[in-house]
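Across the two complexes that follow, subunit A remains constant while its partner is subunit B and subsequently subunit C.
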Partner chain A sequence: MAKKKFVVGCFDDEATLFPAVKKVRTAGYKIHDVYTPFAVHGLDHEMGLRETSLHTAGFIYGITGTTTALSFISWILTYDWPLNIGGKPHFALPAWIPIIFELTVLFAAVGMVLTFCYLCQLSPFIKKHHFHARATDDLFVMVIETTDKTNVEDLKAFLSNAGAVETDVQIAEEGWWLGRYDKDQVPFQNKIVAA
Partner chain B sequence: MHLKYESQLREPLVYGTKTYHDVTEDIVRPIEAKPSKLWYIGFYIAVALLLFGIYSIYRDVTYGIGQWNLNKTIGWGWDITNFVWWVGIGHAGTLISAILLLFRQGWRTGVNRAAEAMTIFAVMCAGQFPIWHMGRVWMAFFVLPYANTRGPLWVNFNSPLLWDVFAISTYFTVSLLFWYSGLLPDLATVRDRAKTKLRKHLYGVASFGWTGSTKHWQRHESLSLVLAGLSTPLVLSVHTIVSFDFATSVVPGWHTTIFPPYFVAGAIFSGFAMVQSLMVIIRKVFGMEDYITMGHIEAMNKVIVLTGSIVGVAYLTELFMGWYSQNKYEGYTFWYSRANLFSPYGWSYWGMMACNVLSPQIFWFRKMRRNLFVTFFMSVIVNIGMWFERFVIIVTSLYRDYLPSAWSVYYSPSIWEIGFYLGTFGLFFTCFFLFAKYFPVIAIAEIKYVLKTTGESYKGKMGHLEHVPAEVFAHSGHGHTIVENDGAN
Partner chain C sequence: MSSIKEQFEIPAKLKTWSYALIGVGLLALIVGFITKGRGTEEEQAVFIGTIMYNTIFWTLVTNASMFFICITTLAMGGWQQSFRRIPEAISTMVPIFGSITVVVLLYVVFSGNHHIYHWLDTNAVASDEILKGKSGFLNVKFFTIWTLLAVGLWSLLGWRMRQLSNEADVAAFNGETGPSFIWRNTVRAAMFTVWFALTVGSTVPWLWLMSLDAHWYSTMYSWYTFASSFVSGMSLIALWVIYMKNKGYLEYTNEEHLHDLGKFMFAFSIFWTYLWFSQYMLIWYSNQPEETLYFKHRVQGVYKGIFFLNLIINFICPLLILMKRSTKRNYTLVTFMAVLIIFGHWIDFYQMVMGSISKEHVTLGWLDFGILSLFVGLMILFVAKALAKKPLIVKYHPFLKESIIHHT
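Entry: the complex of A and B
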């Protein structure tokens, strides 16, 4: 985990955010992320993010559920403990459809949610740096990563010109750490001091 | 504000000119304020009911289900009636959040969060009944297919009762995941506004460190969409499987092929009625009339009249088949035990008919659909009717079957059966009161998402188009271009 210096520009309307994202990218700045209070459709494309493959993962979990249920039930009822129910076939596929279906859905849903939490690094007791407290309320917070060559003042002026209502500079940890939200914590500080 | 060209059909989803911050304020306010006296009164009543329920269960476990008035003939009485009733109620939430999401029904955003919560609590209540009905409840884990020392003797995967175990538990799990993943951004909103340390800490834990990153939102959207796609057949499957508990047997009155669609329609019917009961109260108590609008209430009333009529058609079909099949057992069940008002349980059949089929027809009138008092009253009536339906199906089929010597005496519940039922009301409302106090009852992020596409906020953006002559819209592309001002896309 490393700390980085970020320039933060806050926008109060998605209508100004979209052209600003375009301008910032054309100018060659690297957008670390844009934090928004709700899902702004099309913003991911505007930022050049690739499509998520989460649904593919969901499909794989789903067929895992299907095969688990089918193989488990057929093993039990045809091999491990076959029951003679009125002379009906042991391999009673139609009667197994409900459970096979339910397990397909269960595996897909649980698998996808866990994968989602893993990819987004979401979990109880995890804390992350929040660039602006109103990013979950009414501000669209664009965070730009700086390099040694970035002129911070220029960048701030550039963001203001693009329509940002607030700009500032923050040195922040970009990953997560175990922490509490009611305490101000400076993660990994010792490591940096020691280095 | 009125536009020159304005749809008379589509009502705004959110009333008034609101900013994103207003939305946050309006929805989070009840969480941050001290609960009202009314909340405490309601909460304590719910807890009292819950305690009575727990005591009833204690007696059931200690003395056995002989505490109930079930007998050899009527082995399923109030408890399975209540089970099916609660499961049915638990269908509206996921229907609203999943099926209406797939159908792109914008109005779901106002009601989905509370409806999903209701679903989860209703399924929790439903689950109690089959579990405690087992009698020796410490053996409840025998329904799980685990490697055991009894052979291993597995569960019977061909049995509808086992399908039910899988269906209900899957439904509960998926609904919970769907609900909670949708809650994460809203809990983060509450966290970031929190003034007290304890609240900041607790909502910090509950919101999983949600930041609102664009990439996370992208995955979140994908997750919601796929979960909706999975939940849609799941909702339909759950009550289908519950109906199989009956339909795969050979008891007259149960042995019918129309049960799955009939049960699913009934489930949606009663679920929407319960959502209405809760929404009418929530919007009033929390002052959320701008978010849960008359349009929402009306839309749900339309669903109620539709599903109520589907259920009505099912009842009539059953009666017809009772005669047309010329099966004397079926005929006896439908035409004597049920449709004859003067048979022992005839009152329950006609109670069901009056509550479920006749009275919802009032919603063909727009004035009635938009009347809060009528809506609330009808929502209660419908749920009473749906309880009668399950009672009718279970008891009137069981009490007189093939063998007259096995016919039962008149069945009425013992106080502990009633106590158990009241206890689930306690459980449901205790959970719901806590939910309403500690969670955002409306999906904040989803309201913000639709805010600028509807109502005054949308019209505000359209000002510049007002001056464009109508021909431009009719023949756009003929030399005129309309430049939209909103910048997005």
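Entry: the complex of A and C
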């Protein structure tokens, strides 16, 4: 829960955002994140983010569901409580496939949603700093982490040069915290943006 | 545009290979005719059945290419435009393979070969309530007309679709001609798709394949056949795209497009399995003798190995290998999977047809692979020729840019 100093640059167009991201990265600055109103194709690639491992997690959850269903049904119907259903063999695999499939999907789906929320730090009672209110409306907000050596004014000028329509400096929590916005921090810190 | 290699020149190696494959195939055909084609009625049925499932398989697989163009057109898809000429070229095989199919099937029907189609036996039909009930559909006249219509209209409507795409080579469209071009594409694609649904999606597999077991029926059968041919068709498109990329063509096509082709291969492998299982489970569960007869010699008889090999190749392998994103973007792995899938569905067609014609013996052998090589050779040769006829890029297609910047 360390507070950090961030430089925030706001862009109003995808077309200026992409070259700006590239320029900022080649200049050696570290991008904390880019907040966009909608999913921007190829931005993750441009930012150099690594491939998400969410699908691997999903696969593991799915396999878990398959194994759970298969072992549980086969234990019940062949060992614990065998029943004669229409003269079928006790180990009636084809009849179980739909249930095994459903449990695979259920495990994979629920597991992936929860993992996704965890990776994005989304949860009830979890708070995160909002860098700009219009990031959910019409602005692409690029947040850059600074160190002691960063010349903030230089960086702001650099961002404006790259096409940012608005720049500022914020000191904020970089991760999440447990708590309430009204108590710990006003979400947008007096930044009532003029429309 | 100047640096784009628009014109495909057929490499000498490709010609040599295709001629060699065709030569092997013709040799197998002749030897097969001498050793089996003049033998007992059962042997003749095996000989003709072998040609039959190969020609039906390749007709449907190449026809799936035109279906791919039409559905992506109807869905206003743009991503396929950079390699659109590949499925177009593959679909030019429909008249060729279709004619072979028509000849083979009409020969079977008019020679009254009831070892292949039991419903051709008029004495049997007369004393059989089930066959009598089906005789309005399963009769020589309807079979002939519908087969000719099916192949004829696939060829005609596909040809019209290809003709339309020629306009995109000539001159740029403007605000007026562009939308009208897209609209005409939509109309022609819709016509093909409707006819495709009435044939491949329903009646043609019933007539050509399901009627091999004249008493049996399954409502899943046509979709099953369609899924089989479509997933092989997508694999074939992927193979040609990769081949052309290797030869330095299709500069606008990259792993983003390959990824989407891989998704089609993956998704329709799963779809095929879904139908395979739905058909199997319902029949297994209800356990009615008139329905289980189809699976009897496939699951418990000599075809057991092939039947389950089929499931492993066409379901387990694509599921585990094609699931990963990096696989679908890897040229080598997609090539491997495409070959595997086409082979797997060829095996599928093999057991669909020969499992009914030769219930007691698995006939898979040199003749099958020989005839396969004949069709593969023909396909390679004629698709390459069709590719060389037109520019590889639909230069002025309104959606081409969408394909160039395509991103998955």
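Here is the rule we use: the second predicted complex is superposed on the first by the 178 of 195 C-alpha atoms of A that agree within 3 Å, B and C clash if a C-alpha of one lies under 4 Å from a C-alpha of the other, contacts with A are read in each partner's own complex, and residues count from 1 in each chain.
Basically, a residue touches a chain if its C-beta (ideal position, glycine included) is under 8 Å from a C-beta of that chain, and two chains touch if they have at least 3 such contacts.
No experiment lies behind these values; they were computed from the predicted model shown.
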item: Touching partner for A:His55 - first (subunit B), second (subunit C), both, neither; value: both
item: Which of subunit B and subunit C A:Gly86 touches, first, second, both or neither; value: second
item: Touched partner set for A:Ile73, first subunit B, second subunit C, both or neither; value: first
item: First, second, both or neither for A:Gly42, with subunit B first and subunit C second; value: both
item: A:Ala95 touches, of subunit B and subunit C: first, second, both or neither?; value: both
item: Touching both subunit C and subunit B, counted on subunit A across the two superposed complexes; value: 41-42, 51, 55, 95, 98
item: Interfacial residue positions of subunit A with respect to subunit C in the complex; value: 41-42, 51, 55, 59, 86-87, 94-95, 97-98
item: Complex interface listing, subunit A residues touching subunit B; value: 14-16, 18-19, 33-44, 47, 49, 51-52, 54-55, 58, 62, 72-73, 76-77, 80-81, 83, 85, 92, 95-96, 98-99, 101-103, 105-106, 108-110, 112-113, 116-117, 119-128, 130, 133-138, 141, 176, 180-182
item: Subunit B to subunit A touching residues, read off their complex; value: 19-21, 24, 145, 151-154, 156-158, 160, 162-163, 166-167, 170, 173-174, 177-178, 181, 184-185, 188-189, 191-194, 197-198, 200-201, 203-206, 208-223, 225-227, 230-231, 233-234, 237, 241, 244, 444-446, 448-449, 452, 485-489
item: Subunit C residues touching subunit A - in the complex, by the definition given at the top; value: 277, 280-281, 284-285, 287, 323-325, 407
